[in-house]
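Before I ask anything, here is the structure I am working with.
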Amino acid sequence: MKTFILLFGCKDQKGIVARISDFILKHDGNIITADQYSTDPEGGHFFIRVEFVLGQDQYKKNDLTLEFSPIGSQFGASWNFYDKSETLRMGIFVSEPDHCLVDLLYLWSSGELNVEIPFVLSNVEKHRKLAASYNVPFHYICADKNNRKEDELLSYALNSTDFLVLARYMLVLSPDFLQKYNKDIINIHHGFLPFFKGADPAAKALEEGVKVIGSTAHFVNNELDEGPIIAQEVQNVSHKDSREDLVRKGKNLEKKALASAIASYIDYRVIRYENKTIVF
Amino acid sequence: MKTFILLFGCKDQKGIVARISDFILKHDGNIITADQYSTDPEGGHFFIRVEFVLGQDQYKKNDLTLEFSPIGSQFGASWNFYDKSETLRMGIFVSEPDHCLVDLLYLWSSGELNVEIPFVLSNVEKHRKLAASYNVPFHYICADKNNRKEDELLSYALNSTDFLVLARYMLVLSPDFLQKYNKDIINIHHGFLPFFKGADPAAKALEEGVKVIGSTAHFVNNELDEGPIIAQEVQNVSHKDSREDLVRKGKNLEKKALASAIASYIDYRVIRYENKTIVF
Amino acid sequence: MKTFILLFGCKDQKGIVARISDFILKHDGNIITADQYSTDPEGGHFFIRVEFVLGQDQYKKNDLTLEFSPIGSQFGASWNFYDKSETLRMGIFVSEPDHCLVDLLYLWSSGELNVEIPFVLSNVEKHRKLAASYNVPFHYICADKNNRKEDELLSYALNSTDFLVLARYMLVLSPDFLQKYNKDIINIHHGFLPFFKGADPAAKALEEGVKVIGSTAHFVNNELDEGPIIAQEVQNVSHKDSREDLVRKGKNLEKKALASAIASYIDYRVIRYENKTIVF
Amino acid sequence: MKTFILLFGCKDQKGIVARISDFILKHDGNIITADQYSTDPEGGHFFIRVEFVLGQDQYKKNDLTLEFSPIGSQFGASWNFYDKSETLRMGIFVSEPDHCLVDLLYLWSSGELNVEIPFVLSNVEKHRKLAASYNVPFHYICADKNNRKEDELLSYALNSTDFLVLARYMLVLSPDFLQKYNKDIINIHHGFLPFFKGADPAAKALEEGVKVIGSTAHFVNNELDEGPIIAQEVQNVSHKDSREDLVRKGKNLEKKALASAIASYIDYRVIRYENKTIVF
C-alpha cells in the first residue's frame, strides 16, 4: 500500500470534494484523513488536504498527477500530489546559539522528524563536532554582515535541498538569494511576531514589561521577520525574570515552535495564502 | 440558503466520502467544512461530520434523511442530519455553587450559546432570582440525597429538552432516570477525571500536592463520574494555593470546560464512541 | 487579630528586611507572607510587600504609619501600610460589550472580589438593569467622542472611589481627567500590548495571521494603551478562527486578565516602577 | 562577594524573619531574595529560603553554620546553609528512551544546568557514545528486572554524587537501595501522577479518552511513583492523537518537567514536607 497526499486550492465552488473523492475511489483508494477550509463559502478560496492510501502499488505520483490534471483544470486549481514514502531534504543554516540545531538533530536521529538532512551549514566552526556526532555533513562558511557569501550558500543549498531551515541563522538572506533558491525557507524568530522584529527581542520584552513572551516560526520572504507565520509558542513571565531568564525560556519556545512548524510542513499540512498560513 | 450537518459513522471502507459528497452535490449543495476520523484505516471505524449549504430552500431535514437512507444502509452506518437553524433545548440542573449557571445564562443571553433554555431546575431556591433576571422559567425541587424526586425531575425534563446540563448539580441521577430520560446529559466535574472522582476533589488535590489541577466536562452514564470525557481544562497551582484558592481557580476551569463542551455539542461536533468522544 | 500590609520601596541597601521585621516583632506581630524583589542587588531598587498580623487590636494603620516613619526616612523609602479589613472602593466605567462588567459583578457578589462598588457608570443605558439586579447604583452619562463629559465623570468618581476600572470603556480619558482624578485606573485592552494598540485588535490579528491572541490589563496613563502592564492572557488560535471567533475567545482572555489584575491590585500586590509593574 | 542560601523550617512563631535578617545584617550581608511560606500562621509550619551576599569573603559556609546554631536551636528549626559557588554532583541513571538524557546533557554543556555530572549509568550500552561526546564517564550495568545489581549501582553513586536523577530508568530501586543511598533521587514519570502510575501511561490515557496528558517529576520514595511531586507539565490532546502521538508529546512534557524540577532543586528551592513539596 502506498500513501499519497493531495494539496489542492481553488475558488470555492460546488462539487470539489465530490470530484476529488470520486477520483480517489476510482483509483481504488481509501481516504485516511481530509482537512478542508474555505475563507468564505460565498466567493472565497477553498483549500483541501487529502491523505489517502492506494491498495495497489502500480500508481506513482506522476500517474496521479497526469490523471488528475483535467480535474485541476476544471476547477482552476493549484494542486500537487505528494508520495508519503519520499522524504524531503532539509538543509539547516545555523549561527548561534545552537539549541535548535541540537533539538532538530536529535528529533531526526530518533525518528521523530522524517526528513533527510544533507548538511548543516554554519558561520560558526564549532558546530562541526555536533554535526559529526550525527554523521551529518558540515559546511563552514566564513560569512558575516559584510560578506554574506550567498553564492557559496546557494551552491550548497540549491540542488541538495527541498527546503531550508534557519535554526537561528543570524544573517539576513537577500532578495536575490531568495529568488535564486526559490523554495521554502523556514525561520525561527526569538520573539512574538509581528512584534519585536529584528535583534534582541528579550531586551525589548524586558523594556516593555510584558507578562508573556513568545517565539515564532515563519516562512522567510523579502521583508525582515515578516513572512507568513506557521507556529507560535508563548509563556508567562514576570518581573522576576532577568534578561538571561527570558533568553532561556525563549529557547524552549523556539525549539517547540520550530519543531512544530517543520513537522507540519513536511507532512504537507502548511499552505501559504495571502501572507498567512493555513495549517491543517 | 439553509445549512445542514451530517454526522455519519460506519466501519471504515472505500468510497464513503465520494458517496456522501456526491449526494450533496446532487442536491446542489456546497460543503462548508468536513471533518473525518478513522480509528484505523484498516478495519477501524470511520466518522465524518459534514456541514453544507443547500442553495435552494425546498429541502428539509426529513427529505434529506429519506433520500440518504439507501446510502446509509449501503455502508451499514449510523447517521443523522441536523438543520442548523433549529436550536436545541437545553435544560439546566444546578445546586451550588452557581458560577456555571451564571456563565451559561450570560453566554446564552449574549448570543454566544445558541440554544433554548426551557428551564433552570434547582434544589436551591435562591437561584430563582437569577433565572428571573434572564426571563428563564425556574423550577424549585426539594430534592436531597434521601429523596431525589426523580419523577418530578423527569416530568420537567422529558418532553421540554433535547439534552440536560448538570451545572454543578450535586445529586447523582439514578440509572432508572437515565434510562427514562434517554437523551444526552452533560456534567461538569470539578476535578481532573478519570481521577479525583466523587466529592471534594480540591481536598484530594491538596493532599496529593499536585502542581496542576483540572476540570472535566463529560457525558453522564451509570457510573459515577465515569462517562465519556468531552473537554478538560487544566491550570498550574503551587504549594501556596490554599483550599479556597484551588476552589476559586477550579471554578474558572469548570466554566471554561463546560462552555466548551456545550459549544461543541450543540454544533454537533461530539461523537460518542466506546466510552470516549471524538470532538471535531 | 488584625492583618496589615506594608508596601515599601527604596534604593537597595543592607538591613532593610532586618529593620522591617524587627519593627513588626516589636509590635508583637507575625509575618504571614513576604515578597521582595530587587532590580539589582548592586545599586538597584528594592521592593518588599509584607503581610503580617498583630495579635493585639489596639494598633491602627495610623499608629503604624507614625511609628514607622523614622525607618522609612532612614532608608529614603516610599512606603504605605494598608489595613486588610478595609475594602477599596472600585468605580466601574463601561461601554460595550458588557462581558467584563458581568464577570466583575458576579465575582463581587459571590465574595471572590473583595471591594466596594460605589457605582457602574456607562454611556450605554441598557446596563442599568444588570447593575440594578446587583443593587449597584448606575449612572448613565451621555458621553461620546465629541463630548466626553469628563466633568460629570469626575464628579461621580473623585470622592467615592479609590480606583477606577475601565471594563471596556470606549472613550479615551484625557490627561486633564487623569490629573484631576489622580488615582489608579486599570484598563482592559482586547489585544496583546504593547502591540495591536487602539481599536479592533481582532481585525489586526486576523490580517497578520497570528497563531496566538492575547489580552492585557494595564494602568492607564497619558499615552493610549501604553501604561504599565499588570496581567496578560494568551490563547492559541488558527486559520479556522473567524473574526467572531477571535472576538469571542478574546472576551474570555479579557475577563481573566482583568479579574487577575484587579485581584492582585486590591491585595496590594502591584507596584508601579518605571512604566512596568512588579506583581508579587 | 559570596552568595549563600539559607533553607530554614520550624513551627510558625513570631520573630523568625527578624532574627534571620538580623543575623545576615550582622555579617554585613545583603538579602537578594527571600521566599517564605507558612502552612498556617496559627500553629502551622513555617519555611523560608533566603539568598544573600556577604560583602567580605572571609565567611565560609561552616562559619555561618556554627554561628547560626543558637538561632536554629532557639526556634527548634531544621536548617542548612548552602554556598552558591559549590555545584552539586548529579548522577544520571537511564534506560530508554534517551530524550531526557540528551536534554540534560545539552542543558549542562550549554551552561543552563549548573551541576557536575560524575557519570551516566545505564543498562543500555548504546548511550555510551552520547555520553562520550560530552566527555561524561559512562557506566554500563547489565541490570534487569531479575537482577537489579543494586550493589554495583550503589558503588558508583554513593560517594560520587549529591543526588541522583532517574532520566527514564526503568528498574524500580529497592527500599534497601534507597536507605543505603540516603540522598535525594528525582524521577521523571511519563504520566500525570498521582494517576496513571506504573508502566505505559500512554495506553491508559488512550483507553480513558482523556483530553489532557501530563508528566511528573517527583522524589523517589518506597512507594512506586508515589513520592512528593516537584513539577508537572500538561498538554491538550484529542481523539486524533495515536499512541505514538501521545508518547511523542509526552516526551516534551517529560523533558520540561524534569529540567524544571532539577533547576529548582539545585537552586535549593525545593523543600519536602509531609509527602508534598514547597517549590519557591
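A, B, C and D label the chains in the order they appear, each numbered from 1.
Following the convention adopted for this analysis, contacts are C-beta pairs under 8 Å (C-beta built on N, C-alpha and C of every residue); 3 or more make two chains touch, one makes a residue touch a chain.
Since the structure is predicted, the reported quantities are computational estimates derived from the model, not experimental observations.
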item: Rotation in the CA alignment of chain C with chain D, degrees, nearest 5; value: 180
item: Farthest chain (mean CA position) relative to chain A; value: C
item: Centre-of-Cα separation between chain D and chain A, whole angstrom; value: 37
item: Inter-chain centre distance, chain B versus chain D - centres from mean C-alpha coordinates, in Å; value: 42
item: For chain D, residues contacting two or more additional chains; value: 37
item: Graph class of chain-chain contacts, one of line, ring, star, complete, other; value: complete
item: Residue ranges of chain D touching chain B (in the complex, touch as defined); value: 37, 192-195, 208-212, 214, 228-234, 236, 238-240, 275-279
item: Chain D residues touching chain C - in the complex, by the definition given at the top; value: 12-18, 21-22, 24-25, 28-38, 41, 53
item: Complex contacts: residues of chain D adjacent to chain A; value: 97-99, 102, 106, 110, 112, 129, 133, 248, 252, 256
